[in-house]
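Structures given as structure tokens follow.
Two complexes come next, and they have one chain in common, chain A, joined by chain B in the first and chain C in the second.
Take a look at the complex of A and B:
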């Protein structure tokens, strides 16, 4: 089995870019990643690409070939879709391709463009991540679904809106100097608590924004990296994927995310690490409660114990376990199909020492990326380690 | 590398089933394939699933988890989308997973449901396989695009509508006894030539229908098959994928399909066979001209030489190289995301001897499946061989 190295990584600016097409966005991210890698385009063996609602926002399916052209590669190209985990599943497939020797060089990335349509239409698209028959038609929106999970959490374990607010405050602070982040400004607990309610108990600042953007990484085999003398100090040592029932109503619990746990178990096993070995992580904080559930699902906190992690300073930049140093989905932004790859872009830079927040984790060697789809019906976990 | 065996295969009836949901259709196909295999559901390591326009026709993205539940499996599930080649790319990924040892048992399948929406809406969905900016918005429909290819072919090589009609007549005849086929009735050359024109030179009978249906296969490693004493006499010995520019206008030629050729080259190399070794094949005949282009792209005929293959009886059931013994997309039907897997379902039965048309190919040992997306911007080729 070939070890998988990250040779290049890059993202477009995340934000509001209705004037830019999807192909334009992905082409830029791919160029940044390929330039960062030093790998010639002709060496790219395949493109693994994540996108969620391109058929809704751009009337564009079949984006694999389109994005290969945008990236300037002629390799076989496939689109992966698993709602907000589309980037993560594309990444897992890319890792497997390099590991198995099926490919030496894989361009992996994702893109989402949503500000070119109305918010209503974008919301309608996002709702397609839920079960149409049993959830969407019954009026369940994603803020509504996560509000249900938050309420169930509060009922089962206790917890306050102020503790959730600390998650949003932390992630906004982390994004301050991140030049590709959508929101590079601080917010206060009062901002969060006094913001309009979206779905009780979640307010506007408990939710991530709608984002246009793209991310890409170039993965290479260790052998290829050595032969071509590439600077690729970060290795992907674990890659797991988990699936749960699509509809919340089919789950045993609203406060557990077994898909995350399954993905993490695989990733930890492959990397031969324990949860306690992780130095920093990016988790899927589409809502503040989602970060809490992720930390518990990943085995980093017991069920019911992660609610005050941000408020207590444990997961802040200067805490023991920095979470979402990029700003997370909340402040970095959430271009859906790109998110799973963007987390790895951020972690690669953090581990290489060329991220604005690298100083917060000078001795970090093990990082984890957690990407989730829908109400965590899909999850991927990747472990990144600095090579000795 | 593990050899990949087909342990089970099955499809729903293909046709017009607006009353059946996608999950209902796929659940049935999965059940047939799993029952055919004798593999316990708990042994399924992953689900690779193809679907094209579920967001358009069922407002349902994120179908991986949904279809895992429908199939009764809890394994990680991923949706692959490459327009009409969605099933083929799911299959290729499934083959790679078994080969590399990442999985011992993979359930692979696909589904499309389109008759629950208006024909206009279905057509709009299908158009998303083309380049929205450069084709769809300019008024190019899929019949229009393939009509352009047919006209270019006639201009470059010669050819007649009657020769194309022979493709449709052949495929309808092949579907006569195929109990899952959408059209189990013969048509005459006159029917084809006198049918309403859809896009000159293509008429109604030059086009495949809109189809509801699902297909699934259970792939296992040779080791797993031996350990569990499974009846799995068919091996997938080659799996290739090719990508071309999405828009026709970016291609060097309208009469060549290099994505098919690239996919075939990989598949032939892996299987260590030459085109002449193929005994029978299923090709992507979304339009009659598409079958002609496929046979040439696969290297079975020189450019310009396949136009009269059906008319001359070379590719009929009693010809030297039977093509689309199932009835093809034309008569078996084309449930888009399922098609690439349905071809392998049909070929598996043909090679095992339990297909209504097996008698036409009693000595066949090598079969090929060709699946294409859009105007062949995506293509997959799989080689199936009977194990000695």
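Take a look at the complex of A and C:
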């Protein structure tokens, strides 16, 4: 089995760019990643591309070939769709292609463009990640689904909106100086608590924004990296994916995310690490409660114990376990199909030492990326390690 | 309103409208809702139709201030309630001021402003 190295990584600026087409956004991210890698485009064996609502917002299906053209490659190209985990599943497929020897070089990335349609239309598109018959038709929105999980969590374990607010405050602070982040400004707990309600108990500042943007990485085999004398110090040593029932009503618990746990178990086993070995991580904080659920699902906290991790300073930049040093989905932004790859872009830079927040983790060698789809009916976990 | 009936789903809504709701049970006792060919938990294909308990208990709920286009101008309240072997997600059709985790509720059928039917939930005390 070939070891998988990250030879290049890059993202567009995340934010509001309705005037930019999806192909333009992905073309830029791919160009940055390929330039960063030093790999000739002709050597790309495969394109794995994540996108969720492009058929709704751009009325564009069959995006694999479109994005291959945008990136200037002629390799076989496939679009992966698993809602907000589209980027993560594209990445896992790319890792498997390199590991198996089917490909020496894979361009992996994702893109989402949503500001070219109304917020109502974008929200409707995102709600398609839920069960149509039993959730969407009853009025469940994406924030509504997480609000259901948040209230269930409070009822089972306790917890307060103020503790959730600390997650949002932390992640906004982390985004300061991250030049690709959507919100590079601090917010206060009062801002979060007094923001308009979206779906109680969650308010506007508990939620990630709607984001346009794209990300890409160039993965290569260890052998290819050595033969071409590439600077590729970060290896993907673990890749796991988990699935759960799409509808919340079919699940045994509304406060656990077993898809995350299954993905993490596989990734930890492959990397031969324990949760305690992780130095930093990017988790899927589409809502503040989602970061809490992720930390517990990953085995970093017991069920019910992560609610005050941010408020206690344990997951802040200067804490024992920095979480979402990029700003996370909350402040970096959430261009849905790109998010799973964008997390790895950020972690690669953090580990290489060329991220604005690298100084917060100078000795880090093990990082983890957690990407989730819907209400964590899909999850991927990737372990990144600095090679000796 | 959707012109096309959907097997299983619309059949259940018809039954709920008649206060005759049901769920599927496999020999191991796992519950599920139609349409379902096999038990989603264990894959057993011997599913029987069992009566849905008349009352359930609210596990969680939310009032959605930013609704989907189907509920434009409204603030729908959505409930997930335990009904023994199954849970139901439904739109709450009574006064939400009286709703809390642990409330006793009953299943019903509700409609969106455009006429689409879906699972509804009401206070059991209002039956």
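Following the convention adopted for this analysis, the second predicted complex is superposed on the first by the 388 of 388 C-alpha atoms of A that agree within 3 Å, B and C clash if a C-alpha of one lies under 4 Å from a C-alpha of the other, contacts with A are read in each partner's own complex, and residues count from 1 in each chain.
Here, a contact is a pair of C-beta atoms (placed from the backbone, for glycine too) under 8 Å apart; a residue touches a chain by one contact, two chains touch by 3 or more.
Please read these numbers as outputs of a predicted model, since none were measured by experiment.
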| item | value |
| --- | --- |
| First, second, both or neither for A:104, with chain B first and chain C second | neither |
| First (chain B), second (chain C), both or neither touched by A:197 | second |
| Greater chain A contact set [chain C / chain B] | B |
| Partner chain in contact with A:112 - chain B first, chain C second, else both or neither | neither |
| Touched partner set for A:93, first chain B, second chain C, both or neither | first |
| Touching partner for A:152 - first (chain B), second (chain C), both, neither | second |
| First (chain B), second (chain C), both or neither touched by A:53 | first |
| First, second, both or neither for A:141, with chain B first and chain C second | second |
| Touching partner for A:133 - first (chain B), second (chain C), both, neither | both |
| Chain B versus chain C as contact partner of A:65, first or second or both or neither | first |
| Shared contact residues on chain A - chain B and chain C | 124, 127, 133, 136, 245, 250 |
| Residues of chain B touching chain A in the complex | 21, 46-47, 52-53, 55-56, 58-62, 64-66, 68-69, 74-83, 89, 93, 96-97, 99-102, 124-125, 127-133, 136, 241-246, 250, 262-263, 373-374, 377-378 |
| In the complex with chain A, residue positions of chain C that touch it | 6, 9, 32-33, 40, 59-72, 76, 78, 80, 86-91, 101, 110, 112, 116-120 |
| Contact set on chain A toward chain C in their complex | 120-121, 123-124, 127, 133-141, 143-144, 147-149, 151-152, 155, 196-202, 245, 247-250, 254 |
